[in-house]
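One chain, chain A, links the two complexes that follow: it is found with chain B in the first and with chain C in the second.
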Partner chain A sequence: MTQVQRPPAISAPTGRGDEVEIAILAPRFEEHAFPWRQIFGYAASLILTMAALLLVVHHVLPPVGLIVAILALATIQASLQLGLFMHLRESLGSTWHVVTLALAIVVALGIVIFSIWIMSFKSGVS
Partner chain B sequence: MAQLIAKLFPSTVLRPMEIGADASILLAVLAVVYILTRYRKWGWLWREWITTVDHKKIGIMYLIAAIVMLFRGGVDALMLRTQLALPNGHFLGPEHYNEIFTTHGTIMVFFMAMPFIFALFNIAIPLMIGARDVAFPKLNAISFWLFAFAALLFNMSFVVGGSPNAGWTAYPPLTELHFNPGVGENYYLIALQITGIGSIATGINFLVTILRMRAKGMSLMKMPLFAWSALVTSSLVIFAFPALTIALALTMLDRLFGSTFFTIAHGGMPMMYVNLFWIWGHPEVYILALPAFGIFSEVVATFSRKRLFGYAAMVGSLVAITLLSYGVWVHHFFTMGAGAAVNAFFGISTMLIAIPTGVKIFNWIFTMWGGRIKTTVAMLWQLAFIPTFVVGGATGVMLAVVPGDYQFHNSYFLIAHFHNVLIGGVVFGLFSGLYYWWPKMFGYMLNERQGKWAFWFFVIGFWVTFFPQYLLGLKGMTRRIYTYPHGMGWTLLNLISTVGAYAMGIGFIILVYSVVYSWRHQERDLTGDPWDGRTLEWSLPSPAPEYNFAVLPEVTERDAWWEMKQAGKTGRIPAKDVHSIHMPRNTPMPFLLGLSFFVAGLGAVFSWWYVAVAGMMGVFIILVSGWFDYHDHHEIPAEEIRRNEAALGRLEG
Partner chain C sequence: MTTRTNSLQEARLPLEFQESHETLSILGFWLFLASDVVLFSSLFAVYAVYQGRVAAGPTPLQLFSLGPVLTETILLLTSSFTCGLAIFMMRRGRTRPLVAWLVVTLLLGLGFVGMEVHEFVTDVAVWGTWHQSAFLSAFFTLVGTHGLHVSFGILWVAALVVQLLRYGLTPTTARKVYTFSLYWHFLDIIWVFIFTAVYLSGKIT
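Up next, the complex of A and B:
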């Protein structure tokens, strides 16, 4: 595991007159000789997606079992992608991660739960 | 061959109006090509604009595109109003009318309001927060070119292949292949998908820019309110757009690949499309409105010459509106009949939004209270906004009352309501921002006198257009009908409404004339601070140099530039403080990426799969080569910056 040399970070001038200031967000992340982790994440995501598709296409389980199975596969894939691609473990400060993740979970759960509630109207009115 | 021609040019694109439009487009293109060639401007266009990654230039390109789209959407609107002016109109046929109201709505939301907002984000946000560019400049250019090529793809539809015609909401079963053959809806689905990628990228870009690139000392609670509105808008974009992506993708699968997600005959759920569409659609309303609120908060403070009243309450209500806006989407389809509990819940959550919005209205009024108000054009738009938006908000609360909504739903009352908030809130705000930041963008002032003429025509025209529509709704006129008989009691109100629409059109023409006139005749902005502004963008020359700030500012107070002026800390820059700056280098990659998406999209629209695959191969190759492009910086030497600042009279000694 090698830490690549970081470009100069944005900083207030020190007055020595020799530094270069960078105009964009200085990239700060770990880089490895070969991106094994990302390739694993990509392959695993493809396999999980294919698995969900095959389960449904061939009706391997009864409907309720199918829904539970594909929700489980989706949850695994979501956490895999968050962990492997979203630089969650590489952050300098975790405050914003907590805020955005909390908002993401609230919004995602809200959309799913409310949609089920809204769409169950067929049994409610008839 | 004959089949191909029939597919490319069905009868709907060969009507006299379409042929006329073809001819004028052709003439406009030839004129542009002639001018660029005659004055040898092709190289300039490529180097300075097409390949640029500078946020200020990207903002200007967004702005030009938005104005062009405002023209197209406005012409659509005038055609609709002409058809409806009198009973039994023959100006447009029923099919033609469907196409026009579909493209009017889609263009105004996706290709006018969104880019207009991104234009003002790009132009103002980095300057306001003391940054030299956005966090990811290349991604910013990618967002723009995805939008631009998506807009081109969408606008092509009425010339080649046929317009979409299922309304801007594109509900199934209207969009099902069985009921809606032809490629029109494919244009809608694919173009919106492409521009959606760009919008999400812009959301990420500005979220990161605002969180990570503020000037030293500018804590979140010292940010200008426009930056706050951009921050919460970005978070709305990021969390709301994926729902639209899914809704469009599933419809596309239904149409192009024979799936049945929304086909009721095969067990699909068309209502799920409606649900997904509005999970995005309601936050989208606030994606459009909150930036306008941010603009007004800057404009009202500057021209009242007071600091904004109740800053913390303003920030709190922005955040409250953001969170609440995720929980109200069912109010767009109460009449679907999801049951009393669901409708009651979403009715109440909708009414709750009126509270933080009311807080903001009062804060703007209290900002003006006791201030020395200067009625510039930017401020006039703000003054017109407050009563207009209050009416729009109040009719919104009326629509939120579920039993009432069963009466108002899909009537002209609804049409009047959402134009009331989207024009009275968003468009007034965008025009205010346009006048406010124009000198910062281009270095010259817009003519105030002409601006006031445009303002009065547009605002009075607006009320004349839309107030009768509330009454029409109450008299039972429903939306999306292409004509109506005599004796309904609708004739006079429709005629008045059409007159108002033409007045708005005249206002728009005066505005465009004023831009051209001012460019030739109006005074230059030499100080960089023509309005005696309060925020950091006014500390820079107009237009700002490529690197924005020769020396990054340090912020100690809210309204940083105003405080610097009060403390007398606005002197020239000491030469020793100027250092070399790494700037992002121009690259053709974003343009080529947009072009590849365009090719892929066109292939998908017509189901020419070899073209679509070739386009996506292009996307892949350009992305990969972009990743390994290590020459994406260039350095501006300190000496060059000193020379430039000295020429602007801003260097010490």
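Up next, the complex of A and C:
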């Protein structure tokens, strides 16, 4: 099992779109002889799904605690699948799509959270 | 000398990253997925706001049965896994196993859509259409939009299988399979949140 980092040197781009402007956005390609990453992602996702289901079916926590817990489990599962299934860090040059995706997630959280917040006023505001 | 370094570096990159315009298509597809994140977030926001507005229609507790939903979840998760195996085979240059895993992915996706259609038809027969309440409107819109995405993915992967059999693995077909895999994994991630924020949270009283 080997982990290969490409392009090899940040300072030596070929000038064909593989420049890396910011070190943390350097691309990384994972190559293994056996699909360990996929199998681990699948097993972990199954376990997290069943854990969330069991928490709810057995009412392990009070309602608010349950919602926070299952949303946390979903977020962990989503992150695992982004990294293990979606090859998030593969790119030619800087991984600018990660920046875009992060921005989209911030916008998405804003839409959901502030919609719930503003609609929770109901008749209190007129 | 420079040219030689280039070709050496290119030879080590996966097929779909070897031509810069194919790589641009991959970046463009990521941008589309980012916009889809925002689209789904607005539907999640509508659902979160309206899930309690059931009028004369069913409540989430009455409407959802977790058994079939768990089966749907496992079908879609497994198809996401087999799609990952397809990319693994593509990286090893093995076209036949790649096509085989894509076909398995397609069949699992069909199973998912079939179960969802059955669920929707049963819901409408028992509880009425989305005109019944704001909750049902929001539910059918959110879950239906996801289901339409999956249905489109099934057509897409069917077309890809035909192209792979006709043209083999080229930088272009490899890029198409790669963007399809991004789309398919993305839909499973959206489903994780539908399973959690819609179905599971509907059972929390």
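By our rule, the second predicted complex is superposed on the first by the 79 of 126 C-alpha atoms of A that agree within 3 Å, B and C clash if a C-alpha of one lies under 4 Å from a C-alpha of the other, contacts with A are read in each partner's own complex, and residues count from 1 in each chain.
Throughout what follows, contacts are C-beta pairs under 8 Å (C-beta built on N, C-alpha and C of every residue); 3 or more make two chains touch, one makes a residue touch a chain.
Nothing here was measured: the structure is a model prediction, and the numbers come from that model.
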Would you sort A:24 into first (chain B), second (chain C), both or neither based on which partner it touches?
first
More residues of chain A are touched by which partner: chain B or chain C?
C
Could you say whether A:35 touches chain B, chain C, both of them, or neither, answering first, second, both or neither?
second
Looking at A:107 after the superposition, I want to know if it touches chain B, chain C, both of them or none. Which is it: first, second, both, neither?
both
Identify the partner contact of A:96: answer first if only chain B is touched, second if only chain C is, both if each is, neither if none is.
both
Check whether A:119 is in contact with chain B, with chain C, with both or with neither, and answer first, second, both or neither.
both
Taking the contacts chain A makes with chain B in one complex and with chain C in the other, which residues are shared?
7, 17, 96, 100, 103-104, 107, 111, 115, 119
The residues of chain A that touch chain B in their complex are 7, 10, 12-13, 15, 17, 19-25, 96, 100, 103-104, 107, 110-111, 114-115, 117-119, 121, 124-125
Interface with chain C, chain A side, in the complex: residues 4, 6-8, 14, 16-18, 29, 31, 35, 37-39, 41-42, 45-46, 49, 52-53, 56-57, 59, 63, 66-67, 70-71, 73-74, 77-78, 81-82, 84-87, 90-92, 96-97, 100-101, 103-105, 107-109, 111-112, 115-116, 119
Residue positions on chain C within touch of chain A in the complex are 2, 5-6, 9, 12-14, 17, 20, 23-24, 26-27, 30-31, 33-35, 37-38, 40-42, 44-46, 48-49, 66, 70, 73-74, 77-78, 80-81, 83-85, 87-88, 91, 181-182, 185-186, 188-189, 192-193, 195-197, 200-201, 203-205
For a test of understanding, state which residues of chain B touch chain A in their complex under the given definition.
131-137, 208-209, 211-213, 216, 235, 239, 243, 269, 271-272, 275-276, 279, 326-327, 330, 336-339, 341-342, 547-548, 551-552, 554, 576-577, 579-584, 635, 638
